[in-house]
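One chain, chain A, links the two complexes that follow: it is found with chain B in the first and with chain C in the second.
The block that comes next holds the complex of A and B.
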């Protein structure tokens, strides 16, 4: 951000300055302020919309989290009684049912996110590296790999839901009827297995994005590096470890962060797969908050939980950017 | 300052003003009190009653045109799918920008009543639409908390019935549908052979679970809320009732374990395709026929009771299901809105619309029409008139539905996975739900 601003600031004294004392609408403002102020003035509309679209709803959400907001008050929600930190205390009292359920959901979401992001990255990077060299049919394969990402979310997830059905689903047909891997037909949409079915669907949906990003990153690595290293006797693994991965560093930094935020916040996938009341093992935090607020009409508690989630995500993001940037600087 | 800079500043200020102005204008229509400043138009949110949103539009539009011819009021119709309806209503309530007239699920009546956004139907208001006496008592009981002025009027009524496959019953040598649960379990065991099951349940559907749990608890003399509106989920009767329902999969094994994950009406499909011999459903007729079952292939009987015959008190055998119609208090066409409610609850429209949707008119005189006397609707009509009770009309009804329905979904999942379901485990799960209230 900062670098772009510096770059775009016009170097002083390049343009001929208008003569001092010329009459103008804003002549009473000192020249220096006028020059420095223009960029900020140009930013105003963007700032205005940023306020309306992002900041104000967020602030309202924070305000709501301190109110006892149920259906009784939604007509005049600003008149709802203040509950102080009551909503937060309910949300973090982990030995009571509501706090306990939130904590469980949070832990499930963390485990799910780590696995899903890891697998997405691994699959995406592997596929991108394998398809780095030209071969016949590469374009077709690329297109095929990208389809899950291009399909409408609802349609693709509902197809997965059908495939995971206990009695008639494709998954059980293959695992149980054809291969005989499982003794009984397992349930995938209820009970503990729902974690794994959610993971499969999420990775299936998101890995093409990792593939796409890494593929773009690979285009920027000069071929000569590989040729030179091959002459020096480097094998495939060494090339990947010493050339490919270090060159992908900045791409990966953004990719992992974005994947993390998307996966952690994912609402649509679990909601379509499990409906509004998800089994405990697939109870991701966004759906959990949705049912804690919208479905049970307790918007104050829901807001408090959302604020806690926002804080957590901001902390993780800030920590991540700090550490990755520091290591990058150290290396440079 | 250069000309360019000045133009830029002008553009910035202009754009900012343009953006701000509509923001100021938007606030004017959000009044608290309604009136009659727009007497020529109404906006109506209809719930999805037909096979699709288009189907609803096709059925309602001619009636709305007839209303326009009668009164000169144009009705703008929007059919809202069930998945969106409650969110849309809450949005309309908090913003003050909503329809004039809308349909609500009757179980939401008490919750929405407490928002204060809906027009109360006191006796005077009821008089404007033809009087309270025209409606079925059980349907009126689900228009708001008891003792408070209702904020909705019944529009379509439904009740649960026991649907059974005549041929499967005959093949198993069963001559008549079960009247008690013991008989149902016995019959169910005889019918459960060769990959077919006695009963189909929609185990992952939170609302269906709650509707059944409510009836079972009632039959054990229990309620999920006490007189002052506090949850009593763990009373022995409620636990017994929930366990009896879960036992269809857990102990009796007359329903397939796979039913525990049904939430897209797969149980209707199973019944229609002969995979299950019995189904507890509200007005399943049109749906069954859509799946290729002919009306003479299935019979309809009252939902069983513990002993005796269906009636009031502990022999309740259905919730009062149905759709209510409500008016937003801040409507700018209150008189027109009431005229529209009167029109929709008139005998002629009640017959037409309930006939088209396969439901029962909550208006007594309309329900007498021979169109509602086929075997299926006769059973449902009698149930509504004599042995149906409304779900608890308390402000926390939707929490109750979500938590208890979710608890039963978990218990059924346990049963399906082969884990034991005991009185104790049912009680623990319900206690957890109650603590979350």
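The block that comes next holds the complex of A and C.
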């Protein structure tokens, strides 16, 4: 405890810097240079933190993916022997167990992401459009819909894990005991069903974000547009198709991309829902790499897998932005 | 219902809408109900078949949660980490957004793209290198980042930076330049202009960014699972301790989940209109 106290006290012998010390200290620097330097000075903290936490570790990660980094070398990882492209070859050898498992996990993640993003967007947009006009209780309803997003992820996913329990969960109680649609109680957190449980939890958690963004986008559509089109005889569906959805295009461009990246990279949801070892059907790629690294202590291969994942995400993102920007330009 | 204006949708649309909104309400609140009702049941009632209406009500789980695991300590850790990360992140983002919004300088585009693209990095890619980097910094300089709250604060503050900067740039752009230029002409320094003119005008956006940063830090799981030890463990990982080898104290898990949720949900719902306002100004350009 004493060390913390000492660290928090200012070092002896140095006076606290006066508030306007900077302009005084750098007095000798010409005004013009100071002004040109100001934006960089303002960016410096952001750059510094990004560098330490994101950029440097990422470069290290790429370096590590070319090393034979096993438990033995973890203390002196820079001394681990180079393995060339060995880790990558292990990761993409799809007929061997490690590569096969990675490919399966990748395919599961892709299917999961497409379904989850699509559903989130659909639910969010539907709810936002339905709540576009004022009505009594709109504020309350909005708060209700945002609640899943506001709850801390680990708390709400634990509740879902309880609801999906085989013997004492709500889901089996409703499906089996009350509705009788299943012959016997299915397992939701192991086996193939885990894919669907994960999907439900993920959509439950993320659709409010889509709702929030679309709602914000809708506020920028002038009411006169609807009134004018109504006078021209446009029905509600035509209005949604001709006015609402086109106005949302720029919001959607960002929203779908962000949802895609979050869902594809999602670690916390499967990790809290299934624990350290996810069932094959819910083995999202982040969890897969995590267990490949921290359970087997093979960090080199884990890094190579992460690099491959980043390459894939960069390609998809670049392609997505190129296509959507081109479409937007063509339509404009 | 207001009188039927020419834009009023037909009744069939209204009724479909009501049904959809009702279903979404049930979907949204179902886990909240399960959390609340199960947290008030004795242990034997949550290990047996699920019941919608509790047979026996008890507040015992709310007393027991603090004894079964050191929940109080996890709570304090989470509060310290999330508050510090939020404060720093908002400050750093405000400076950066001010530079991007109000100045022309070489490298602006590169900066914006770099920062935004860090949002894309899979956490798993830099988890291990960051862990090794923190251990390395600790070994060479004695600054304990691994296993400390400081390391976690540093990590979390960068998680919310990209989104915060992006949103604040949009927000600052929507504030007329005349306002801060007038302040500059009056002899304010650029920093005074930022804090006296722009920050007050952009307050909804800044509040929105702060909510986002706090929730990000409060909910993070992956890095907390590796970067913390027994004394610095946050709620995100601590809550798992209610599950032992043989038993899960589900009623206590639900009670603890509720307790850790209340502060963020209350704050979020109180301030959510700032988030919507901030998104409207920032995201929708």
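Following the convention adopted for this analysis, the second predicted complex is superposed on the first by the 282 of 332 C-alpha atoms of A that agree within 3 Å, B and C clash if a C-alpha of one lies under 4 Å from a C-alpha of the other, contacts with A are read in each partner's own complex, and residues count from 1 in each chain.
Everything below uses one rule, namely that contacts are C-beta pairs under 8 Å (C-beta built on N, C-alpha and C of every residue); 3 or more make two chains touch, one makes a residue touch a chain.
Being a predicted model, the structure only gives us computed values, none of them experimental.
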Original post:
Once the shared chain is lined up, is A:243 touching chain B (first), chain C (second), both, or neither of them?
Top reply: neither
Original post:
In the superposed arrangement, does A:199 touch chain B (first), chain C (second), both or neither?
Top reply: neither
**OP:** For A:167, decide between first (touching chain B), second (touching chain C), both and neither.
**Re:** both
**OP:** May I ask you to decide whether A:42 touches chain B, chain C, both, or neither, giving the answer as first, second, both or neither?
**Re:** both
**OP:** In the overlay, answer first, second, both or neither for which of chain B and chain C A:153 touches.
**Re:** second
Original post:
Which partner does A:294 reach: the first (chain B), the second (chain C), both, or neither?
Top reply: both
Original post:
Per the overlay, which chain contacts more chain A residues, chain B or chain C?
Top reply: C
Original post:
Touching A:77 in the superposition: chain B (first), chain C (second), both, neither?
Top reply: both
Original post:
Which parts of chain A are in contact with chain B and also with chain C?
Top reply: 38, 42, 45, 49, 52, 74, 77, 165, 167, 294
Subject >> chain B partner contacts - residues on chain A that touch it in the complex >> reply: 18, 24-27, 34, 38, 41-42, 44-45, 48-49, 52, 71-72, 74-75, 77, 96-98, 101, 165-167, 185, 187, 189-191, 275-277, 279-280, 291, 294-298
**OP:** Please give the residue numbers of chain C that touch chain A in the complex, ascending.
**Re:** 1, 5-7, 9-10, 13, 17, 20-21, 24-25, 27-32, 34-35, 38, 46-51, 91-93, 95-96, 98-100, 103, 105, 108, 111, 114-115, 118-130, 132-133, 154-155, 157-158, 161, 165, 189-190, 215, 218-222, 225-226, 235-237, 239-240, 250, 253-254, 256-258, 260-261, 264-265, 268-269, 272, 275-276, 279-280, 283-285
**OP:** Give every residue of chain B touching chain A within the complex, in rising order.
**Re:** 1-2, 5-6, 8-9, 12, 15-16, 19-20, 23, 87, 90, 93-94, 96, 111-112, 114-117, 204, 206, 256-258, 260-261, 263, 395, 398-399, 402-403, 405-406, 409-410, 413-414, 416-417, 432, 435-436
**OP:** Would you pull the chain A residues touching chain C in the complex into a rising list?
**Re:** 23, 36, 38-40, 42-43, 45-47, 49-50, 52-58, 60-61, 64, 74, 77, 123, 126-127, 130-131, 135, 141-156, 158-160, 162-163, 165, 167-170, 172-173, 177, 204, 208, 212-213, 215-217, 219-220, 223, 226-227, 230-231, 235-236, 239, 250-251, 254, 258, 261, 264-265, 267-268, 271-272, 285-286, 289-290, 293-294, 299, 302-303, 306-307, 309-310, 313-314, 317
